[in-house]
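Got a structure for you, written out below as structure tokens; questions coming shortly.
Naming follows writing order (A, B and C), and every chain is counted from residue 1.
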Amino acid sequence: MSLIDVRLSELGIVIPELVAPVAAYVPAIVHGDLVFTAGQLPMVSGALPATGKVGDGHGLIPAADAKEYARLSALNALAAVKSVIGSLDRITSIVKVTGFVASHPDFTGQPGVINGASEVLAAIFGDIGAHARSAVGVAVLPLDAPVEVEIIVAFK
Amino acid sequence: MSLIDVRLSELGIVIPELVAPVAAYVPAIVHGDLVFTAGQLPMVSGALPATGKVGDGHGLIPAADAKEYARLSALNALAAVKSVIGSLDRITSIVKVTGFVASHPDFTGQPGVINGASEVLAAIFGDIGAHARSAVGVAVLPLDAPVEVEIIVAFK
Amino acid sequence: MSLIDVRLSELGIVIPELVAPVAAYVPAIVHGDLVFTAGQLPMVSGALPATGKVGDGHGLIPAADAKEYARLSALNALAAVKSVIGSLDRITSIVKVTGFVASHPDFTGQPGVINGASEVLAAIFGDIGAHARSAVGVAVLPLDAPVEVEIIVAFK
């Protein structure tokens, strides 16, 4: 087992199967020593576990649930990275995470939601998992997904 | 004629004149072997062909129209790239496309809209046109544009 | 004094103290000769000078005020850059600025708002301050901030 595989096993994390793009693009692309992923939705076995806007109140997705969906999106992003570089052990740095949260206009907890992505990356990669990040609240996301996460990683 | 010029001619595509930035920035910048474009609106001869939010219903821009505006935005992005590297034949890879769709909160078809950009890039560049991509639905865009597209390309 | 320090002094600009990330990430990261910053809010001494959506009308933040907040966000981004490369004199190019404006759906003046960031970068860095840029209007931002700005810079 590779070092990252051992770590994933300790954490009880299984990197999911690659999610096929929902449109005319590829899941990730290599340029030089960087991998740029496509925006990843929290797909589980090909379906969204929830749809709608994040916020407080009837009919909205609670922030705690959305944080878990951000975590799933980040794992799907790692699956996309793995699909182009073969092994996550080749990652030398998580450079950038951008997280979009489909938000009710009154919901301002986007940082806590996207922590679902940031924290799982830190847990898996330790020091090299530290990344720059933007989190924003958008009107709506593809397929009515609650979150979308894209990442840029460096590898060797 | 260059290879890309031949392909554009076959496709009946004319790369538009460079669109002047609407504010205090430049259309594109070179760093190393990458070009980063500014976000491009679907300007045609200096004006937006339509304004408003994309969605289903009275007063909204239909998705099919918005897809065409995404295509126009991508062509404007290529004009921006051309302005800094001289020829589109120098492009070795379309690395990343980010597409913002000014969306009614009920409209979730952003991927189909941004396919207007992805498909024209695939048509022009073939295998090297495959790119990572994010599509998100935002509240509103500059000048009330329905879509905005930015790209990162590699060149030699 | 360094050249940039002289320029900042002439402009009466003080680069603020580094703003601690509001969540599980780092303010900026170096990869190769690039620095990617996290999305920066217009924090002043640890607090937002205003919260809400930008637009025209009662209860909204006027565009002129938001432009100043974009300027503050850009200065916070420079503080983040400085924290990882030591001196702003090492910057060789402002490559990319992405500006998110928390917008009332009727407000379409995002370019003018994000000019607050672009113009201060141009004032400080002159020719090497010219950058590609995207400005979008989002539903809501972290902590109900009116603007968020992230930048990519090259350095030597």
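The rule we apply is simple: a residue touches a chain if its C-beta (ideal position, glycine included) is under 8 Å from a C-beta of that chain, and two chains touch if they have at least 3 such contacts.
Here the structure is a predicted model, which means the values were calculated and not measured.
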item	value
Fitted rotation between chain A and its twin chain B in degrees, CA, nearest 5	120
Chain copies touching (chain B, chain C) - same or different residues, decided at half shared	different
Interchain centroid distance [CA atoms averaged], chain B/chain C, Å	25
Multi-partner residues of chain A (at least 2 other chains)	138-139
Residues of chain C defined as touching chain B within the complex	33-34, 93, 95-97, 103-112, 114-115, 118-119, 122, 130-139, 152, 154
Parts of chain C lying in touch with chain A, wherever the complex brings them together	21-29, 31-32, 36-39, 51, 53, 98, 100, 102, 138-144, 148, 150
